[in-house]
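The structures considered in this document are given below.
Next come two complexes, and both contain chain A; in the first it sits with chain B, in the second with chain C.
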Partner chain A sequence: MDRSVQVVMMYILTHLGLIFFLYPSNIIESTDQGHWIPISLGIVIHIIFVLVYLKGLSFFPRRNIIMIYSSFGKVYLILFLLPIFLYFISAVTITVRAYSEILTIIFLANTPLWAVMALLLFIPFFLAIQGVQAIFRTGILVSFLFLPFLVFILIVSFQNVDASYIYPLWNNDFSFMTKQSYINSFFAISGGFLFLGFIQPEISYKHKKIVIAFAAVVPAFILSVYIPLLTFGKATAETFLFPFVLALDTITLSWIMFDRATVFFLLSLITFIMLFISLVLWKASIIIHHSLPSIKPVYIVVSLTFVIYIACLLIPNWQQVQMLFKWNSVLRFYVLLTVPLSIYFLGHLSKKKVY
Partner chain B sequence: MLKKMLIFSLLPFLLFPLSGCWDNRDINHRVMPISIGVAKMDEGYKVFLQIPEPSSESLGTRIVTGEGETINQIIDNISVNMESAVDLLHVKVIVVDKRLAEEGLNDLISGFIRSRDVSAKAVIAICDDNIDQFFESMENAEGGEGTILLDYFEKYSGWDPHVALSRVWEVYRSSHSYTRDVAIPMIKRGQTTFLEIVGSAVIKNGRLVEVISSDETLLYNAFNNKSTRGKIEILDDASVMILSNDTDYKAEFTDQTPHLQTTFNFSVMILETNGNPSAQDIKMNLEELLLDRYKALIVKLKTSEADILGIGQHFRKEIPRKDLKNWRSDYYPNLAFNPIIQVDIQNYGNLKHTTN
Partner chain C sequence: MNSLIKEIKDSIGDNDDLFFTEHQLTDLSVVFIGLNSLVDLGPSIKQLEKMGQKNYSSKEKLKQISQLGEIKRNASEITSLLLEGKLMIAISLNSDSVVSVDPVPVKLNRAIDQITNENTMLGPLVSFNEDSLTNIGVMRKQLLSEKIRVKHFRTGIHHKKALSLIYYEGIVEENLLETVVKEIKGNSKSDLYSLQDVTKMLGITPYSIVPRVKTTEIPSEAAQSLLKGKIVLFLDGLPFALILPSVFIDMFFLESDKNLTFPLMISLRSLRIAGTLIALIFPGLYVALVAVNPEVLRLELALSIAQSREGVPYPAFIEIIIMLVVLELIMEASVRLPKSIGPTITMVGGIILGQAAVEAQLVSNLLVIVLAATTIANSTVIGVQNLISIRLLKYIVLIFSSVFGVLGILAGVFFICAYLAGVSSIGVPYLNFKHSKGEGNNG
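After this line comes the complex of A and B, so read on.
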């Protein structure tokens, strides 16, 4: 059965969840003017690597990347799957920790952090146990519930936009590429698409249809940065940790019964992030399951969740989260570069062998 | 089977965590001030909370005050002393006293933005009066349903185009932005009405630098393309009501000097006439009146170097960002401003207009 819709939806949801929190402030911090340059660079890199990855995967119909790497021998498994696994674990840890901190900063000021983190891990854990099909079906449900609202919020967020803030447009200074904040912005760019290689054969999809998802994700990259930028101007927006959230706070709609639409926006994004976490947990668990087939997947997910929860509890403050972002960027770039390319070349290699 | 039974019997217990009721305070155990007043003391601040109190007959108002070093400390103290917890979530109006505004609002405003306790959408106003008495009179105000200040600034109730309406986030933006300042309304106790508008305070980088009249505030609103509908202008020979307005800008930047030509189109309706002036006369007089006011306003603003009209916004294209930082001091005083007022008499009311 073709489940392209589910895959496209999942792709959109996880990316939206990743984009709207830390990405805007990372980009705004990275350069003084012409923010569209770093954004487009990121988008181009994203699209190229996704396309290469998809092309590579299309050489191996109905196989996931674990099967692909293991068919080429143990070396590949260690060279590629081990970093992927480590990346997943660290990504989940960072995501859970960072988003729980975001939740406490933005609206749960009185709730203890451990409770927020427990919630953020428990639901993904539950989903991950149910398996990949459950995760994707939930994705469809969640998108029905929250996407219309999200679109509405995005439209009304133009309320306080002042187009003059778009200038100056051009920037000759390309030093943003080496700035840590720009490197951190790749958390949103490279974080979400690896699942495309994991879900086969359980969920089959047409590779071409993923292109549709770009149409939703690319505007999200741009709007998440430009709405706060045009509402506040660069000099003000750079003082915020979550510029997009603040930009939403400025929306005044007297005919809406809720005073703060922000909370609804945030909660829908948090559900997207929960999906993302459950997906990553599930991916990490099947990697382990492949190397240790004797252990039941349920126990793997339980122990992974437990380890991640403990790791989250050990991170005391926002400074440390930033630090982890920095350390994680090595793994992030390794995974971003090597996985799509290696799959692509292995695909070519196997094609030659066949003929 | 046994396993399923076990799982199902455990499911109801999920109700407790899933309800999300964590150290949650019920709404009847919170007090939600609608407006707060902040005054600068010799050391620290004094805070006034205006809390609507529902009673059996009508909605009353209660004023609670506290003094301390920081706003949060005061709110905390008040919270401790009150029977319920203070929740600033629904604060709609923030009134600061003039002294605090003159010394600078930056710390106060960035505190609000940082903690997100107070909504970034709250309207901010300056009290040009004794703030103690101002809030005291609110408690005694007859028929004031606890929302008197809020109603005054609400667009769908008491707001008028000669009142500047500025929100916390706009004031915050003005203290950081290179090219944008903000005007906030100045109010005092009125003789027969509860409030009286003094004019608007021009806030530059979070500090009060100048006061403009409410007539000038109308021009400020018109410049920013806010509707000035309903405002009545009195001329020597007639009075007219503004029905609609729109503004076009043409910015030029030559020889390091900004030139701005602004065309204001006002559509008006004639309400009353003295004698029988021709439509042309009324038009000319009104254009002249508004033009003079604009010129005076610009002179006033240029001397205070506060760009409440956001004129610098139109030159972001031309001035490089590193120079834009000094827009207020280097370029703005040299601004060549050329306002063009175009008045169109949309209708003459119920009477036919005949000129002799």
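After this line comes the complex of A and C, so read on.
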């Protein structure tokens, strides 16, 4: 059965969850003017690698990347799957830790951090043990419930926009490429699309339809940076940890009963993040299940969740989170570069062998 | 006494409603065997006399009587036929065979009645009753098609229950049919008393918050499910159809909605979806906004809420739990109570709990409004089972939101979504979007 809609929805939701919190401040920090240049560079890289990845995957119909790598031998498994696995574990740890910090800063001043982290891990854990199809079905249901909010808030977020902040448009300084904050912004760019290679054969989809998802994700990348920029101006926006959240807080809607209606928007993004975490947990679990087939997937997910929770508890403060972002960027770029390219070349290789 | 008759006597035991009546059928002396709780003997004899020959010769008696029914020689078979309400005719108390005939039964079934639990606005009012054969007849009347197939099964050791399966040949999903038939045949020894037994027999877990088998007492609903490829089961004694599989949209979509025009249908269905969401979220929202995240509200509103809660001596969570439990008790009590005492409960619940609790400052005004809205919204869901599962699920949101505030509401809703997404019965996921696509709009 063709489940392209579910896959496209999942792609959009996980990216929306990843984009709106950390990405804006990373980009705003990375350069002084012409922010569209780093944004579009990121988007172009994202699109290219997704397309290469999809092209590579299309050489192997109805197979996931674990099957592909293992058919080429153990070396490939260790060379590619091990880093992917480590990347997944570190990504979940960072995501849970960072987002619970964000939540305690923005909404839950009195709730202890461990409780928020437990929530952010427990619900994805519960979803992950039910398998990949459940995750995708949840995606559809959640998008019905929460996406309308999101579209609405994105429309009203233009309320305090001052278009003159868009200038100056051009920037000759390309030093942003080496800045840590720009490198960190790839968390949003490279984090979400690997699942496309994992879900076959359980969930089959048409590769071409993923292109539809770009139409939703690309504006999100741009808006997440430009709404705070145009609301506050670069100098002010730079000082905020979560510029987009603050930009939304400036919105006043006199005709609804909530003062901070944006809370609902931001929290629905948190549910998308939960979806993302459960997807990554599931991916990590099937990698382990492949190497240790005797252990039940449920136990793998339980132990992974437990390890990640302990790891999250061991991170004491925001500086450490930033540090982990830095360390994680090595893995991030390794995975971003090698996985799509290796799948693409292995695909070509296997095609030649056949003919 | 002959062994066959003795065997029958032994197996049914010393039942006082078992009769062995010698009778003169026109000019032939026979013995009638039956249960007078099931057989109306007088009219039955009259009927047999009409059907039978004018003159019986004393030779070949058995052959002549056998025109009235079937000859049976196996004692255990005869016993079960007797329990089903058949009448046996023996030539004498010593004969080694009997003739089983259909007598005039004692009227034990109620007539086809109006719907009692699932009222519809525009739709047929006929409902199923306890007799599965009648129900099948009602279904056949709904769908005049030669493609309808009916299969009968008898299951159970301690008591044999009739289980009938209906499907629409050509439309039914083959895998589903195959699995269901296999499960029924494989578990033919399980005694079926309730819906839980049926789900267990079909290999579906009974530990589920949402109903895995849809029940309906409306024949047109059951007929429409057949046309969608589903399977309908009737268990003798249960006055409703069991529809397999049960899916998410059954909570909101009623076939009789289609008797309205399209926009009206869509708005009604959206209303039900909104009602479900309100029932799930409102109690949680109250706790979250009062206790955890009051800053989300507009200042004037936050102040007026705080004012209404002035003097309430316990936290919002305890306050709402107390009131919710009382409310659930009222609902349960009003189902249980005889109709003559029912109004008392309504009065006590409405006036004393609502008004007095607020005046005594035990709960806030707003809470009473929230609870009323929740209860009303909850009732918009279709089906008694769904109603109860929504009633239960709202506590998940409530508990999450009492700890995590507004985040907890969304986390709770997400959790429920995740739970629903994981549910599947007989290989069909509960959130089956394929069917909903055919419905056009999701509201």
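As a convention for this text, the second predicted complex is superposed on the first by the 355 of 355 C-alpha atoms of A that agree within 3 Å, B and C clash if a C-alpha of one lies under 4 Å from a C-alpha of the other, contacts with A are read in each partner's own complex, and residues count from 1 in each chain.
Methods note: contacts are C-beta pairs under 8 Å (C-beta built on N, C-alpha and C of every residue); 3 or more make two chains touch, one makes a residue touch a chain.
Since the model is a prediction, treat every value here as computed from it, not as a measurement.
Colleague: Of the two partner chains, chain B (first) and chain C (second), which one does A:126 touch, if any: first, second, both, or neither?
Modeller: Second partner only, chain C.
Colleague: Which chain, chain B or chain C, is in touch with more residues of chain A?
Modeller: With both complexes superposed on chain A, more residues of chain A are touched by C.
Colleague: Just to be sure I read the superposition right, which of the two partners does A:103 touch: chain B = first, chain C = second, or both, or neither?
Modeller: So A:103 only meets chain C here.
Colleague: Scan A:144 for contacts with chain B and chain C and give back first, second, both or neither.
Modeller: second
Colleague: With the two structures laid over each other on chain A, which partner does A:66 touch: chain B (first), chain C (second), both, or neither?
Modeller: The answer is neither, since A:66 touches no partner chain.
Colleague: Could you look at A:135 and tell me whether it touches chain B, chain C, both or neither (first, second, both, neither)?
Modeller: A:135 contacts chain C only, not chain B.
Colleague: Examine A:33 and indicate which partner it touches, taking first as chain B and second as chain C; both and neither are also allowed.
Modeller: In the superposed model, A:33 contacts chain B only, not chain C.
Colleague: Quick check on the superposed pair: does A:274 touch chain B, chain C, both, or neither? Answer first, second, both or neither.
Modeller: second
Colleague: For A:233, decide between first (touching chain B), second (touching chain C), both and neither.
Modeller: In the superposition, A:233 contacts chain B only.
Colleague: Going by the contact rule set out at the top, does A:259 touch chain B (first), chain C (second), both, or neither?
Modeller: Both partners.
Colleague: Determine where on chain A the residues touched by chain B overlap those touched by chain C, and list them.
Modeller: Shared contact residues on chain A (touching chain B in one complex, chain C in the other): 107-108, 110-111, 115, 119, 259-260.
Colleague: Which residues, counting only chain A, touch chain B once they are in their complex?
Modeller: 32-33, 105-111, 115, 119, 162, 164-165, 167-169, 232-233, 235-236, 239-240, 246, 249-252, 254, 259-260
Colleague: Name, in rising order, each residue of chain C that touches chain A in their complex.
Modeller: Residue positions touching the partner: 277, 292-293, 295-299, 301-302, 400, 403-411, 413-415, 417-422, 429, 431, 433-434, 442.
Colleague: If we count contacts the way the header does, which residues on chain B are in touch with chain A in the complex?
Modeller: Counting only chain B, the residues touching chain A are 17, 22-23, 89-90, 113, 115-116, 119-121, 154-156, 167, 169, 172-173, 176-180, 310, 313-314, 316-317, 320-321.
Colleague: Sort out for me which residues of chain A touch chain C in the complex.
Modeller: Residues 1, 5, 103, 107-108, 110-111, 115-116, 119, 123, 126-127, 130-131, 133-135, 137-138, 140-142, 144-146, 257-260, 263-264, 267-268, 270-271, 274-275, 278.
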